[in-house]
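Order of writing sets the chain letters: A, B, C and D. Residues in each chain are counted from 1.
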Amino acid sequence: MSARQADAPDVQNFDAPRPYKLARVGVRGVKKPVQVHRPGQAPHGVVATFDMFVDLPANQKGTHMSRNLEALADVLDEAIAEETRGLENMCRRLVLRLLEKHDYAEDADVEATADFFLARTNPGGKSTVENYGLIAQAFGRRGEAVTRRVGVVVTGMSACPCAMETARHKFAEKGQRPNPDIPFITHNQRNIVRLCIDVPEDEDVEAEHLVDLCEAALSAPTFELLKRGEEGDLVIQAHHTPRFVEDVVREALHLVVKRYGGLGDAVVVQCSSEAEESIHKHNAYAERRTTLGELRA
Amino acid sequence: MSARQADAPDVQNFDAPRPYKLARVGVRGVKKPVQVHRPGQAPHGVVATFDMFVDLPANQKGTHMSRNLEALADVLDEAIAEETRGLENMCRRLVLRLLEKHDYAEDADVEATADFFLARTNPGGKSTVENYGLIAQAFGRRGEAVTRRVGVVVTGMSACPCAMETARHKFAEKGQRPNPDIPFITHNQRNIVRLCIDVPEDEDVEAEHLVDLCEAALSAPTFELLKRGEEGDLVIQAHHTPRFVEDVVREALHLVVKRYGGLGDAVVVQCSSEAEESIHKHNAYAERRTTLGELRA
Amino acid sequence: MSARQADAPDVQNFDAPRPYKLARVGVRGVKKPVQVHRPGQAPHGVVATFDMFVDLPANQKGTHMSRNLEALADVLDEAIAEETRGLENMCRRLVLRLLEKHDYAEDADVEATADFFLARTNPGGKSTVENYGLIAQAFGRRGEAVTRRVGVVVTGMSACPCAMETARHKFAEKGQRPNPDIPFITHNQRNIVRLCIDVPEDEDVEAEHLVDLCEAALSAPTFELLKRGEEGDLVIQAHHTPRFVEDVVREALHLVVKRYGGLGDAVVVQCSSEAEESIHKHNAYAERRTTLGELRA
Amino acid sequence: MSARQADAPDVQNFDAPRPYKLARVGVRGVKKPVQVHRPGQAPHGVVATFDMFVDLPANQKGTHMSRNLEALADVLDEAIAEETRGLENMCRRLVLRLLEKHDYAEDADVEATADFFLARTNPGGKSTVENYGLIAQAFGRRGEAVTRRVGVVVTGMSACPCAMETARHKFAEKGQRPNPDIPFITHNQRNIVRLCIDVPEDEDVEAEHLVDLCEAALSAPTFELLKRGEEGDLVIQAHHTPRFVEDVVREALHLVVKRYGGLGDAVVVQCSSEAEESIHKHNAYAERRTTLGELRA
């Protein structure tokens, strides 16, 4: 051995024993505290979980995964310094940084998820802090623009329009006439709505607005704090607006088209609604993945 | 060293570097297919997940965990040969076998959980196969009798009695009078009931009977298969029987006392009800852990 | 109204208030006991969890979800009667039945997952029953052939080739020369491999064979029952075969190409490997989704 | 009815239809953003999940669950105003507030869990932000002092001392002599350590110190960011310190006794270690729940 001890071998740079290209190689489940800055809000901390991948050419044995963690540490430091707005912008930076650090990669793909909170007003007018899920994504190909996507996960309530009519019918068959000004009984349950939308260059999509759309698409939003009378109001509201999972997704799509009319046809929109059925042990589910262009067609 | 190479050292038998007694040492999450034999039923396969522990005296470095897996393999083989009835009896055998194989242990503690299924009749009289959770436990001290415990996890429906009265009141305030023969709207949701009970020597407690009690304690059971009219019937039934989580637990305790009146005072009974509230993002919860003696006092 | 009371309204058949087409509407998480029949094996019970979806045209308010449960009950009854082979064939039947029952639907999409078990031989030659995940899928468009897909989830062990070389290098730097016949230390961990492959018409893909491929692609398989010496053998085997997640996926793809050479170019193959890194709190991950044709190119 | 419309009935205050006392009634899974203030640290946000219970006397139908949410909102507001130190102190406040608000209750019981992060130094001297779990509890009986408990969940690495000796022995049998200055191969894996300890009146137990003890009790801590050489260092460290789950728990107990010598005999200490075995599909587990007094005996 020469005067200087050789470095440890870069095993990742070895030839791949089985030369197949890999689509996504990287790390999953990296948890980090992140400061998020939004207009009109104090910066607030969230705990984000990151998945970060690049592709790997057929001939190279491995990707250098520690570079993904370095990229994340860099971007988090910069976020503190420069007040990065929004987790989806942090994801875009990560995509660019991953492509820089992995010069053999053509694609990079990043997702961050986090719990976040909004101050909402319950049916009694009281302020309550509500929990939502935030989804931020960015992906891009070397030399092309990075696509950002932002989404939310909203827990609310859906009341079944079919069981309402059936129950009404059953009483009618027995000659029982309800007061038509009082909504009829039905089953209702927790309903999880997911709504994601591409954020075009030079545009912003606020997670808070997506939450607004999802809550408007449900039979009713839910609240952590409800005094007795407010519970009653919420129950009445839900029974005035019975909706299938199908209705929830379509209403959300309708509201997306209305609100984001200015965005381009290529913008991808994904929406799902999952009802944790109170009358079944299984869930009811509906989804659509499409573009704004198709929705407007 | 003699002609024969010595065995690999039994590291578990070494002295413990820090001589503290340990209460439970063993394995968690061992999944095995098990044939269960019940009176009046064809033997049927379930997938059981086993946790198996013994205590460890202060001076011994480690327990021999592979013996737990050997004990399990033995007991499963015997079960096939001798038609062991009930998972809790298999757990009792495991406790005895663990104490045999770990001669340094004073206590053994085994739990098995599994999905199981029962043929039930939906409100329209149709047969439907419903899914429940089974909990079987056994624990014992060397030289003493083994305690067996059997339990079930039942998913059903609870409708809130408070929101029903509040909503009714809100309409009354506006001068709206409901038809008194039609139940009033409220929120309802999935409700998970857990009920466990000791099985005294020479007695049997059938999981199916525990399921009956839990379903009777809820506002309504749930079913995988419900045609439109049956959905209506179930919704009506639940609204005729509004119950808090508190009511569900107490009704289950009441039914336990009624059904298992012949069992001794020392028999431990545990019951909980967790409502996945449709109007909140959090759950409502009630529980009691007590003895038949206390319940009868 | 005539002598006979009209039926309850079919609310699902109402016009959709927001006429957007939906891609997938149905039920998730339906658990059922299923008897699986495989050549050379006694029929054995598994607990399968079904997701079943159809699409929904823009004008129709809702899908009739109870028909999905009826379809499932029918197919399960037939399975008992006719000894349906394989869960993926049951999924194909479900796709056809869903398209029959939902005459407004163009597509149907079914997935079933289950725990399953195979008798394996540990390094000491002892028989041990090992747990795997089974994935069965079928999807099809009205009037076209149904695509079946079968997959497995295999938990094994991967040992890192990079840390092995780095640790070796660190000792070399201090002048420590290892015995070259003894493998070097590295970190190793649980590794979850998922492998799915299309099953062309008139062909069969046995889940057991996919498990064989996945276990051969890992540094070593894992076993529930290992006596001391067998543990040693397994550790030695894993250190003789250090593999990145990248290596695991590529080796599995290589073995798929070798074993399933007779299948057509259009057959879709998906493989991922996720290492629950012992030196990190996050996981390492690699995946490829492609066709046999591309793999052979 | 008098001039003034009566209030909606307080259904919770009704007589219980089945008068059994309940041990714990309340809410589970309430997520809230919390600012935590620790000496020498900037206040930082965490997302805490709260469970809050009181007991319920036999005669009363229900507890007033919304009061739990009001108590939480109050305490969170005060925390912002007065810089409450530590989540366990917030839990103590909640216990007192619950007993105030539920005048029929004798006991209150609160738990909060959260992800938290500490800046740690990896084997290469680089700073890295690491994720841990925080557990804070408080419980008390009306008129008695409230017990606080604080705990941590630490993910690290354990290397098996038994497989190391067995593998060494297997090579020795074949006449292969290792370099005694190089540690021998074994299996290693993620290991989850949980350590909780009572916090006596006028004392403080810092979660960060509990993390220190847990990481010292493992074969090695883990780090999100490790460059190649640092990976090698960590692997070497773990193989120099092979430990069973039993060893991990006992070492942690030993370190607790050393560090918290000043605390009283009645202080409860709970510790468990769970190894996600790389050679098995199941986990290995050890635990002890005891008092400082017993540990010192």
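Everything that follows uses one rule, which is that a residue touches a chain if its C-beta (ideal position, glycine included) is under 8 Å from a C-beta of that chain, and two chains touch if they have at least 3 such contacts.
All values reported here derive from a predicted model rather than from experimental measurement.
Peer 1: Look at all chain centres (mean of CA atoms) and spot the one farthest from the centre of chain B.
Peer 2: A
Peer 1: Quick one: compare the interface residues of chain C with those of chain D and tell me same or different, with half as the dividing line.
Peer 2: Interface between chain C and chain D is built from largely the same residues.
Peer 1: Quick check: how many Å separate the C-alpha centres of chain A and chain D?
Peer 2: Here the centre of chain D sits 29 Å away from the centre of chain A.
Peer 1: Cα centroid separation between chain C and chain D, in whole Å?
Peer 2: Here chain C and chain D have centroids separated by 35 Å.
Peer 1: How big is the gap, in whole Å, between where the Cα atoms of chain B centre and where those of chain D centre?
Peer 2: Distance between chain centres, rounded to whole Å: 25 Å.
Peer 1: Provide the list of chain D residues touching at least two other chains, using ranges where the numbers run on.
Peer 2: 8, 30-31, 131, 162, 166, 169-170, 224, 226, 228-229, 231-232, 280-282
Peer 1: Which positions of chain D touch chain C when the two form their complex?
Peer 2: Touching chain C: residues 130-131, 155, 157, 160, 162-163, 166-167, 169-171, 176-179, 181-190, 220, 222-224, 226, 228-229, 231-236, 238-239, 276-282 of chain D.
Peer 1: Under the touch definition given earlier, write down the residues of chain C that touch chain A in their complex.
Peer 2: Chain C residues touching chain A: 5, 7-9, 11-12, 16-31, 51, 53, 56, 61-63, 65, 161-162, 165-166, 168-170, 172-173, 244-247, 249-251, 253-254, 274, 280-290, 295.
Peer 1: Which residues, counting only chain C, touch chain B once they are in their complex?
Peer 2: The touching residues are 8, 10, 30-33, 44-47, 66, 69-70, 73, 76, 115, 117, 128-129, 131, 224-229, 231-232.
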